[in-house]
Every structure is written in C-alpha cells, then in structure tokens.
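Chain nomenclature is as follows: A, B, C, D and E, assigned in order of appearance, with residue numbering initiated at 1 for each chain independently.
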C-alpha cells in the first residue's frame, strides 16, 4: 500500500455496470521528502481510486492496488485495481510526526 | 485505475482464440500537469486496452490493469491485463475542472 | 497490454517442469515516438515472454503481463507472468499508420 | 520480494473492517549501492506494509507485494497488497556481507 | 518474466511459517546493453527471489513475478511474489549470442 492525498474526483456516466454508484477519487501518491525527512511530498503521479469510506479532498488516505482492491464485500465484483482502505490520522517516521490530520 | 486518452487502435489477426471479436485501443495514460495543476497531460507511455464500451479516438477513459481486467462478464476468459472501465465526462482537481468531455 | 518487438530467444535447460516445451522469446516494449508521433520506438526495456502463436524475430507482438498470462488453455498451469497474445498487423495513432507488418 | 527498512508507522482509525487490529509500518525499499557494492542504500520510495512478525523501526525486512500479500492465514481476507514476510538477519552480495542485523 | 543475475543470498530467521526451508537469492535484473546490443547489463535494481532449482551466484536466471510465483507445487502456499523459474543457458538477440553460460 501507499499513502496518497485526495485531490479531486472523476465523473464517468458510461461505465462498466458493476461500478455504478461508487465514488471515484483522484489521488496523488505521497512519499517522504528526502532531504529533511520531516514531511511528505507528492510523487507527481495521478491515480483514480474507488472510495467506500467517505474520504474527501485533502485527506491523506491509504491505497491498495491490484486484485486485492477487490477483497472487500463492496468491491468484490468490480473490475477495479485501486481502492481507499483507510483515512490516515498520523504518520510517524523516525522521531518525527510527518503528518497529522488534526493540523 | 488511471485516466488515459484513446489515441488509436491495433489490428492483430493472429491472436489467442478468446480475444477474437473485441476492439483493441491504443491508450496513453494522462496525469495532472504539475505546475499549474489546471489541466491533464500525457505521461508519454503507451498501452493497449480492450474496450467493451465503445470509446473512440480522443475520448478520455478510465483504465483498470492487472487481473481485475478480467472481472467483467465479457472479459472473464480473456488473457488480458488492461481494460476500459469508463468513459470520462469530467475530472475536478481542487477548485478546477481539469477536463470536460463537452469542451 | 503493450506492444513489443521480438528481438531474440532464450534457452534454459533447467527449468520448472510445467514450462518444458514452450518457446521463450526476448521482447522489447515499444511506445509511440513522442515528437512526430508517426512511428513506434523501443523503450529500452527487455522482457522474456512465452509464445504459443509462432511469433518470430522482428514481429511486433501484443504482450499480456501478470496472472492473466496464465488465462489460456496452454499456459494455465505454468508459473509465468508474460505471454504473447497476438501478432500485430497494423497500429494506427490519430491519422497515421505507425506500424504495418507488410512494410 | 525486496528488502526494505522500517522507518515508521501509520495510524488510520477509519479503515476497511478486515484491517482493524494489525500494525501498519512505513517501509523504504533498499537496493545495492551501485559503486562499491558493499552496502545497501534507500531507493527513496515509501510504502506501507502490514506486519504480523513484530518488526520495529530500523529493522531490515523482506516485503512481498501484490495478491500474494494475502497468502498467509492472518491476512487472507484483508484488502492489502504489501506485507512483511521476514525480518532480515544477513545479506551477502558476492564476497561481501552487505548487511548484518547484529552490527 | 525477465533475466537476472544471482549476486547473493539473504538469511531471515524470523519469517512467515510457510517460507521456512527455502533459499532466498539476491537477484539483479539485466537488460540488453542499448548501444552495441551484443551483451547484457544490470538495470541497477535488486530483488529477492525464492529458488527451487539450485541456482548459484553468477548464474543468469529467469524470474517470474506476481501471483504466478505461487503457481508451482513447491510454492503454492507461500506468500511470495518472485521466483526463479529457469537457469539460463543462452540468450540470442538478433544475430548475436549475448549470453552463454559456458563462457
């Protein structure tokens, strides 16, 4: 899995039948800023994820990719490869809190 | 999943039997333009996707990769790893509409 | 899937039992040449693919990766992740024929 | 699989039900330092892994990705794609010990 | 699949139960040297693979990744994503023998 920031959403009226009714989020994977190692930064990549948890723009989320994205009761029959599996509260790296949802 | 623009098509007369009869599209993954963050741009990569939705050249589509590409009734017995699962109408990132099919 | 050019072959006498008897091809993924967009060019990567279709050196082929490589009658019990699923005749991108097998 | 160093942890209170109760670690993939080839160095990437072995910060661990992350008794029903499958004691490359947990 | 050179090994005493007893090799993926195209060169990446064939340091091996790594009798219940499926004897690219185990 990786952490990603929710930055937007996507609308697709014509889609595979099993996918109707679920929210599609634009997410950008984040990684540790390599110099100071005290914050997270964007990798510059863009993915689309199915969300069953109610994440919103600016939330940091935990993303699962591949066939495991179909390993939840809601998504088991959907042709998807990217899903939000958690909304992140805090990330600690070494002695630093590099992300806190409260701030 | 990721968004990609349909830019062409591919013909392969000799192919695995289960794949006969389905359209093969050339698709180029898109990502958010990193400076202004108000449009999408090509990643420069090229994939081939099976399409069951009738997407055409210039459409922005939603692509699923991996074994999940076989998680639709039409594709379950095909040895494929890339499929069009939606035709994109709109993409919003932060306060911007970065793609609209109507324009 | 992606398109790749067959550039060679590989011999491995000692191998997993289920793989005995099938041809192993060296394939190099191709992508659209980014400036003119009227031809295909190598990505510089090298993969090894199982071939059940009789592709030869210089053929442009369609490659499936991941567990879907095992979704054919011939390959279902093989521990493989890359397979030739088609021999490409033509590729069109926008208004150009960027590859034709006849030429 | 690849080797990675555990550098932190992640808290996500809202998550998919099957994931409740398991520790989520921040791990950074390592590779061989290319010039001297006598030590390991970070690739600069960041992943989140489920840990069932009790690994701690600074441990070098062995990571499995993809659907195989669900091939353990503890994780078989979790929508995860990254798991710690071993805590590394030693890594030898050519005639060098490039990592030893004891040091 | 891809070709890789075995360059070392890894010891992990604490590991998932199903993995006990199998050798873990350090392998470095190789690709065609792009200028002369008459030899293979390292990609600079490092993976860890399960070996059931008895490969040794310096051998060039054929590697399968993903869930297909579990498609052998020995590995079907192991949470692994990388396996040695062959020991390479020869690789030919265009009119050149770019690798021979005998040399």
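One rule holds in what follows: a contact is a pair of C-beta atoms (placed from the backbone, for glycine too) under 8 Å apart; a residue touches a chain by one contact, two chains touch by 3 or more.
Everything quoted here is computed from the prediction, not taken from an experiment.
A.B. asks: If chain C and chain D share one sequence, what is the angle of the rotation that overlays their CA atoms, in steps of 5 degrees?
C.D. replies: So the angle, rounded to a multiple of 5, is 145 degrees.
A.B. asks: How far is the middle of chain A from the middle of chain E, if each middle is the mean of its Cα atoms, in Å?
C.D. replies: Spacing between the chain centres: roughly 32 Å.
A.B. asks: How many angstrom lie between the centres of chain D and chain E, each centre taken as the mean Cα position?
C.D. replies: 20
A.B. asks: Where in chain E do residues touch two or more other chains at once?
C.D. replies: 66-67, 69-70
A.B. asks: How is the touch graph of the chains shaped: line, ring, star, complete or other?
C.D. replies: Shape of the chain contacts: a ring, since each chain touches exactly two and the loop closes.
A.B. asks: Beginning with chain D and continuing through chain E, what order do the ring chains follow?
C.D. replies: So, from chain D then chain E onward, the ring reads D, E, C, B, A.
A.B. asks: Mind pulling up the chain B residues that touch chain C in the complex?
C.D. replies: Per the stated touch rule, the residues are 7-16, 18-19, 24, 26, 28, 44-49, 57, 66-67, 69-70, 77-82.
A.B. asks: Touching residues of chain C toward chain B in the complex: what are they?
C.D. replies: Of all residues in chain C, those touching chain B are 1-3, 30-32, 34, 52-54, 62, 64-72, 75, 83, 85-94, 98.
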